[in-house]
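Here subunit A shows up in two complexes: once beside subunit B, once beside subunit C.
This part shows the complex of A and B:
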């Protein structure tokens, strides 16, 4: 199988992000592989182990710096990388067209994996736009994936924790969700090996990416101002622990 | 304001609290003033809190070994005080010093013999028996991942290590300072938080007291600078003090990484503290079966000297505010990844960034000053957490002796250790000293 994984170079969610000119984020913060894309890369490695002879190609649209994100994908197990280099900030129409053109040039694709969204723009459209440009079926927020009789059996999580299982013909596009797997992280020997893996750099003009018929441009951004209501948890250590558990279960709902 | 205190201590970190505790035990009425909301919430909170004996000077080894004994006897040291937050815990993992070109381990061994520190010499096989995932190849010199030679295959092996069964870490450094605060309070010490000292007043060539940001003046005949990374700013507030120091201090940014232990290795329970000059890292176990990875600041790494106020305000952008950098994350984790090849390094950095209060020779200043009544315990250089309780005692005795007329600059105070039979010439830590070239000029002291 020829598996393409679309990866995005995004700001670290743990960084202090500042907005400049109400328009863009200050780019001096660390940038890394979009966390949902880590699940996509990991799943590609799982598939490659199931279907020997498969090849994993990580594809990224971004600035020169985005090469480090491709290197992360290569260290995690992708075989080679394609960087569509542009200094422009692209909307999802152009992004999808660029990734589509790069995959067409390199292809053919048997499967295209993406993250369910990028944590910076949260557009949740790129996978659908790529699917439409190819005329491939698309599902998103996948939490399990199996290849059976030449089709992809994919379970996706819907709102409220419901799930739905699909049988997709190949080639297809799948947006990876958090529940899909535990990301594999590279060891130092993996990093050493990945340095020898090739990254091909392409540009929008040489790919002849057709201009999108429309566009969406960010005109202003505001930071999230979180209203916090701290309160003190008092009592004996065991009473405090019990109260924390109660809050995590009943209020934050992160424990069941 | 009427004079209410004998001594004001600026700072309630792990060094400021034991000074108060010991002065209280000697009958002084103390007040610690700190601008943060609670004890230990300054740079102590970010400390790795490693307790190990290897230093490059014999006095450094002796002080650390004496300090170790206090941690073993923690509850008694605190006078069995209760703290509603619970007590910090010393975890004795044992401490491995890798024999490498990055440490003058032969000198350390000599000091261990002189001081009587227990140790074993481990060959490579013994190290491997104790640390199964370890690779004992030699990687020296330390390089950065941006340097292509970083990835060169190693060809030589290291010799082995020196193992000290007595060594480990304290599981919650901020809590340990809080514990000492409670102990000091039980002896009459007082603490004031969210209060920033902006001036140190003097009169007739003697210290008179402090002024807070809101204008409040508090008087005392003794004022002690234990301001951690702010120490140079506090010294500059007191007349003639900064100028009178031959050794100065400044704040260095330091990143500490948390990287998950390899599958199948219970580092939290089976692991050791390690100092590994060959890769320029030190490590200890952390909750969640993590490797906590600190840097020994190898020469190839940039040093970032920062303004502590800007740093703690999160200002100043990349490398200055308290956010880990991707480059340093990779540097420290990949360096350890050479030693522990099965270590998996997540893409997203996790860890802490804090400041060292570094002196010119990375040896602290425990001393009086040129302003009578003003003292300092500063320049802790990323390596004095472990010594906090013994330093508290030593400073209190030094202050008491000076207040009773000792001319410490001429006739340095001699401190008798409580546990190990030894006398320390406190002049070793003098502000007036020349730079001590026996120092490693690193966090190893």
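This part shows the complex of A and C:
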């Protein structure tokens, strides 16, 4: 199988985000492989072990320094990387077109894996747009995946522990959720080996990425800090419990 | 803008409160509202929709067979069909569990821009506010295109009555059932009786302070008493005390309840990413120096194993 994994270079979730010009974030913070994409790469490795002879290609749209995220995917077990390099900030419609064009050029794909969302823009949609451009079926928040008789049997999770199981014909697009697997933690030799794996750099003009019929553009950004001023509830556990119940009833009005 | 279509979610034959709130939000910037209802219309549903400002109610008729009717690809195609048929140039739905699997499909099929998890939307200008970077940033996003799609965060706006005259239209979608994606099975365990995390008014969540799996039942019991949804920090999930579906935080659910009661949760930056938009945060913690104690509305220093049973006793 030819397995493509779309990965994104995102700020570390623990980083403090600072905003510049009310429009973008200060990019000096550490960036890494989007956590949900780690599950996608890991699942690709699982599939490769099941179907010997498979190849895993990690694809990323981003600036030059996104190469480090591709290296992380290579250290986890991807065979090679494709970097669609751009300095531009791309919305989901353009990103999907770029990833689609890169995979078409390199392909054909038997399966495309992504994370269910990126932790920076939290758009939750690129996997569906890639699917629509290829006319491949798509599912998201996958928590289990099996290949049987040339089909993908995928269980996806809704909230509240509810699940749905789908039968997808290949090729298909699958958005990985956290329950899918435990991400591979690369060993030092894996990291060393990944440095020798090839990364091909492509650009939007050479891929002839078509213009999208719409756009989503960030026009302003403000830090989301809610200043809360804690009041202390003291006393015996019984008195504290009584006060909590009073607050729920009288202030929050969520209990009758 | 010509016409705004709102995808309605129904539960137990009632329009969900979160859907009514979305109608209120849409009504602030749109003159005429169209509701898209997919699982059958009753008198009760039309009354609720008309009482909140919906002018046109569309009964989107889907095949009866649940494996077809519940297939998100079928539902998305039906919404797209309605959008084209009724020339809807704005489509809204909830960023609910179902909505997260529906609205991106709709946007992809329409090749239209989409912002998910909006806390505010201006349907005239196409501007939407949504949080990014795990709740650290509020971004204002300008959508442009022929049709614009918005996913609205449940509980972003409370419903307000706005009675109007509503007419009902029946729309049958005769499009072929997709062959490349089939729904084989679905299971609704836990949906009955237990509150959905993203839609609950009260969430009571437990973390490391619960110490083990058995103790976590205290959170679940207390949630039942309070008619709240039980939640958990990542630690509790990683330790295997509760399933992943309970997790609130950066890599779990993002929630905006009226009240979030954090018990034995230290309040990491990743946990705050999932619950910082709660209207009120009550923190129960033995450690007065825990991060959450400095960033809540009520800090309750003490042992949750003493305080929670007291709450249950007094209710």
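Quick notes
In the analysis below, the second predicted complex is superposed on the first by the 225 of 256 C-alpha atoms of A that agree within 3 Å, B and C clash if a C-alpha of one lies under 4 Å from a C-alpha of the other, contacts with A are read in each partner's own complex, and residues count from 1 in each chain.
Just so we're on the same page, a contact is a pair of C-beta atoms (placed from the backbone, for glycine too) under 8 Å apart; a residue touches a chain by one contact, two chains touch by 3 or more.
Worth saying up front: this structure is predicted, and the values here are computed from it rather than measured.
When the two complexes are overlaid on their common chain A, residue A:178 makes contact with subunit C while staying clear of subunit B.
Once chain A of one complex is fitted onto chain A of the other, the partner contacts of A:124 are limited to subunit C, with no touch recorded for subunit B.
The larger set of touched subunit A residues comes from C, when the choice is between subunit B and subunit C. By the touch criterion stated above, A:30 is placed in contact with subunit B alone, subunit C being left untouched. In the superposition on chain A, A:191 contacts subunit B only, with no contact to subunit C. In the superposition on chain A, A:237 makes contact with both subunit B and subunit C. After overlaying the two complexes on the shared chain, residue contacts for A:72 are found with subunit B alone; subunit C is out of touch. Once the two complexes are laid over each other on the shared chain, residue contacts for A:14 go to subunit B and to subunit C alike.
Residues 13-14, 16, 35, 237 of subunit A touch subunit B in one complex and subunit C in the other. Residues 12-16, 26, 28-33, 35, 38, 68, 72, 183-189, 191-192, 195, 237 of subunit A are the ones touching subunit B in the complex.
Residues of subunit B touching subunit A in their complex: 86, 151, 260, 262, 314, 317-318, 321, 323-326, 329, 334, 337-338, 341-350. Those residues of subunit C lying in contact with subunit A across their complex are 70, 73, 96-98, 100-101, 104-105, 107-109, 111-117, 127, 130-148, 151, 178-191, 194, 196-198, 201-202, 226-227, 243-245, 247, 250-253, 258-259, 261, 269-270, 273, 276-277, 279-283, 293-303, 306-308, 310-311, 313-315. Considering their complex, residues 11, 13-14, 16-17, 19, 25, 35-36, 91-93, 96, 119-125, 127-129, 131-132, 136-141, 143, 153, 156-169, 172, 178-179, 212-224, 226, 228-234, 237-238, 240-242, 244-245, 247-248, 251-255 of subunit A touch subunit C.
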